[in-house]
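Note that chain A is present in both complexes that follow, paired respectively with chain B and with chain C.
Let's turn to the complex of A and B:
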C-alpha cells in the first residue's frame, strides 16, 4: 500500500473537517488553500510508477491555481466586503462537524458497495472523495454568507477532483484544463456577484435574498 | 526483580519532574527564570508536613477521596509498561481496568467536591463529570484501534512492540490516533487550552475548583496523583509514537527520559502559545478528537489492521 497517498487522502479529509468546523473566513480560506495544495500532489504519488509529463502539468496547474491564486482571490473578496466571520450559520459548527463524521462513515459504507472498472490505487480514495463532496454540500446548505458558500463549493470541487484523478490516464489533458478553467471562472463570477450583492444591499446574507419581491 | 524495581522507581519518582519541566518551559517563553525544576517535589514535601483542615460539613467521603484517588491512579500505573520495561501486573483486557481505574480516581474527587456542599465546587464537579464522559469514549476508541493493530488486549503487549510494524503499514491512522489522543490528554489532565492549572480564582476553571477545600497531606496526594496521571498519559503517547527500542535496559531508560522531557516541553509550548478556550468550546474540541478517532477506526475496519 502506498502510505504517502493514504497520508495525503487522510490529511485532506481532516483539513475538510477543519474547514467545516471553523466559522472564521480567513482561516477557512487558508485551510482550503492548504487542502488544495496537498490535493495537487496526489496525482504525483498516485502515478509515481509511470510518470508522464501531463500528470506533472495537471498537478502543477492545480497547485498554483487552487493553492495560491484562488485563496488570494477569496482574500481579496473578504477584504473588499470587510467581512471576517460567518456569525450566524443555519447549521452550527458543532452539528456540521458531527454530521461530517456521519458522512465519512457513510461514504466508507457506500464505497464498499461500489465496483469500479478501473484499478484503484488506494481503497480510501473513493470514500475520501465522497466525504469531501458531502462536506462541501454541508457548507453550501449550512452557511448563510455567500463567501462561505463559495468555499463550500470549492471543497466539493476538490472532492470531484479527487474522483477525477482516477481517470487521469484516460481523460485527455484538455478536459482537465477545461474543468479548471470552468472553476476559475465560476469563482470569479461568484466573487463579483458577492461584491455586487454587498454594494446593493449593504450585506451579503443570502437568506435575505429569499425575501426579495418585485 | 531488578526490572520490577526500575519500573516502580520510574513510576513513583519521575512524575513531578514533568510538572517541573512544563513550568520551566513556560517560564522560558515568558522570559522569566521560573521556579526550580524540582519545585513540585518541594511543594509535595512541604504539604506532607502540614496538617489538614476539615470543614464540619464534610464526612468520611471527603477524607477518603484523596487517598482512593491516588491509590487508583498508582494502580493504573502498575499496569502500564514504562521505558520498555514490562509492568508488574499484566493480563488480557487490562486496558479496560486501566481506563476505569482512572475513571474511579476522577469519580471520588468529584464526590469529595460535592461533599463540601460549596456551590462553587459543585460547579467544577459538574464540568469535570461532563468532560470526563465525553473524553472517555474517545480514549476507548483509540485503545480499540491500538488493540486491533497489535492484536492484543493487554497494555504491555500493545506498547511493547505490538505497534512496531503498524507505522509502516497504516501510519496515517496512527497519526489520527496520536492527534486525537493528544487532545484528550489535554482535557483529562486539565492543561491550558481547556483549563488553567495556575489560576484559583476564575469561574471557568474545572479541576482546580474541585480541590479548593483540600489541604495538607490530602492536597499533596491530589497534586501527586495529578502528576502520575499526566505521566501515564504521556507514557502512552510516547510509546505510541516511539515504537523503536534497543533491547538494552539502561539505554532504553535514558531514551525514555528524554522522550518524556520532550513531551513535557511540547505541553509547555502548547500552554505558552495558546489561549484558553471558552468553556463551551471544550466540548467542541472533544468532538473533534472523537471524530478523528472514528475516522481512524473506520479506515482500520475497511483496510483491515494488517494489509
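Let's turn to the complex of A and C:
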C-alpha cells in the first residue's frame, strides 16, 4: 500500500468538501489552488517505483498551471466585483455538503462494483475521483455566480484528472499535454467572458442571464 | 499534406492579427478557404498518407465531413466580403483570425485517428468559436456565449471521462486509444467499462451536437451569433460533433454492440424531434426557429444512424444536405436581418414584395429545411424512413413522420407570415456606426443622413447572394441526382459503420 498516495487522495476529497461548504469566493479559489497543487503531486507518488521523465513533466505542468497560474487568473477575473461571496446559492451550502457526503458514499459503492483490469496502487483512487466529479457538478448546478461555476468546472476537471492518472502511462504525451493546454485556455476564455458579464451586468450573477428563453 | 492542411489556416490566422487593412485580411481569408478546398478535393483523387505516427489520417467518413466543412466555409468567406461594412479594425482582426483558427481545429477533428486528439480538437473548436459568437458584445450575446461555453465544456469533460473509460476497457488488449487499434481489439474490450464509456461519450458529444435534452446552448448561440457564424456553427461544427458520435459508432459496430448504441441514439433522436417541434411552434424569433430546426435535423441524423442499414447511408447523405441547407438559411437570415434589423417574426412582413430575391430564398429555405421534394433533404429523409419501415421499427417510423409533418406546419406558418403581405413600415435604414446584428435593445439606430443610404440599403448585393445561390443549387441537384463519385464515397463511409 502506498500510504502517501492515500493521504493525498483523502486530502483532495476533504479540500473538495471545504470548497463545497464555503461561500466566500476568495477562499474557494485559494482552496481550489491548494487542491490542484496536491493533485499535481499524486502522479509522482503513484509512479514512485518506475518514474519516467514525462510523468514528472505532466506533474510539473499541472502544479504550475492549476496550482498557481489559474488561481491568480481567477482572482484577476473577480478583481472588480465588490461582492466577494456567493450569497444566494440555489442549493444552500449545508445541503450541498450533505449531498456531497452521499456522493462520496455512492462513489465508494460504485467503485467497489467495478472491476479494474489491472492492479492499482491505491483502492481509494477511483472513488475519490468520482466524488470530486460529483462535487464539481453540485457546485455547477447549485451556485449562481459565474465564478463559482468555473470553480465547479475545475473541481470536476480535477476529478477527471485523478482518473487520468491511472492511464498516464498509456496516454501519449501529446494528448496529455493537449488536454492540459485546452483546459488552461478554457479557463482563460471563461475568465474573459466573466469580465464581459461584469462589465455588462455590473455583477456576475448568472441568475440574471435569463433574457434568452422560450 | 494533412499537416499542411492543419497548420496553414492556423498560421494565416496568426498572420491576420498583424495584417493591416480589412481588404487584405478579407483576401487572405478567401485565399485560405480556396486553398483549403482545393487540398480537400485533391484528397478525393489521391488519398493522403497517415502522418504523425498514425495520429492523423483520413478515411471516407472524415473526408465526407471535411469536404462539407471546407465548401461551406468557402461560401461563408465569400459572403463575409459583403457582410462587414463598418467594423472596428480590432474587432475585424479578431473575427477573421479566430475564423481561421476555427477552420483549422475543425480540420483537426475530421483527420484525427486518436480519441484523445479528437476531443482536443472538439474542445478547441468550442474555444475558438467563443469570440465569433460574442462578436456583437450585447447582453444577449454574452449570455448566449456563457451558456455555450459552460454547457459545451461540461459536455466535453464528460466525453473526456468517457474516453478514459474506453482506455480502461482496452487496457488488457488494445493498449491505446488509436481508433484503428480499438477496432482490431473491439471484441475483447471489457464490457462494463466499454458500455460506460459509450454512454459518457454519447452524452458528451451529443451535447456538442445539440441533441435534446443537452441542447439548451444551441438556440441561444445560433440566434445571437452573427448570421455567417450561425451558418458555420450549424453546418460545420454540429457535423464535426456528429463525426465523433460516428467514431464511437464505429467501435461499437466492431465490438458487436450496435444494439446498445443504436437504442441510445434513437431515443435521443426522437426526443430531439419532439423538443424541436414544441419550440418551433409559435416561435417569435426566426433565427431561433432555424436553430431549433438544427436540433430537429441532428435528431434525424441520430435516428438514421441508430436504425442502421440503409439508414446510415441516408444519414450520411443527410449530413451533406443538412449542412448546405442550414448554411443557406442562416445566410438568408443574415440578409433578412440587414434589411429589417429585427429577429422578431412579427416585425418582418412582406419580404416577397420588398426584397424579391430574399423572399424567394426564404421560400426555398422553408421547402429545403422541411424536406419537401425537389430538394435533397427529401431524398435523405425518405431513406431514413425506409430504413425504419424495413427494420420493422414502426413506432419510430410513426413518430418520425408525425414530428416531421408537424414541424413542417410550424415552420411554414412562420415563414409564410413573413413573406406574405405588404411591408408594414419602411425598413429601418442602416446607419454606418451601428452593427447590423446589434440585437433588439439597441436596434433603433438613428442615422444622421438618411437620404444617401436609402438606395444602397434596398439593393440586395451580389456578394451576399451568389454564395447563397450556390448552396441551394447543390441541395437542389442532390435532390435529383447523386453523382457516382459521391455515391461511391457514401457507400464506403457507411460500410465503415456496417451499413
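Here, the second predicted complex is superposed on the first by the 206 of 214 C-alpha atoms of A that agree within 3 Å, B and C clash if a C-alpha of one lies under 4 Å from a C-alpha of the other, contacts with A are read in each partner's own complex, and residues count from 1 in each chain.
We adopt the following convention: a residue touches a chain if its C-beta (ideal position, glycine included) is under 8 Å from a C-beta of that chain, and two chains touch if they have at least 3 such contacts.
Owing to the predicted nature of the structure, the values given are computational and were not obtained by experimental measurement.
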Partner chain in contact with A:59 - chain B first, chain C second, else both or neither: neither
Which of chain B and chain C A:22 touches, first, second, both or neither: neither
First (chain B), second (chain C), both or neither touched by A:36: neither
Contacts of A:133 with chain B and chain C, given as first, second, both or neither: second
Greater residue coverage of chain A in the superposed arrangement, chain B or chain C: C
Partner chain in contact with A:3 - chain B first, chain C second, else both or neither: first
First, second, both or neither for A:163, with chain B first and chain C second: second
Chain A - residues contacting chain B, complex: 1, 3, 6-7, 9-11, 13-14, 17, 21, 93-94, 97-98, 100-101, 104-105, 108, 112, 123-124, 127
For the chain C and chain A complex, residues of the former touching the latter: 55, 114, 116-117, 119-120, 123-124, 127, 130, 134, 137-140, 142-147, 149-150, 153-154, 157, 160-161, 164, 167-168, 171-172, 175-177, 190, 192-193, 219-220, 223-224, 279, 283, 288
Partner chain C, residues of chain A touching it in the complex: 114-118, 133, 140, 146, 149, 153, 156-157, 160, 163-164, 166-167, 170-172, 174-175, 178-179, 182, 185-186, 189-190, 193, 196-197, 200-201, 206, 209-212, 214
Complex contact set, residues of chain B against chain A: 168-173, 175-176, 283-284, 287-288, 290-292, 294-295, 298-299, 301-303, 307
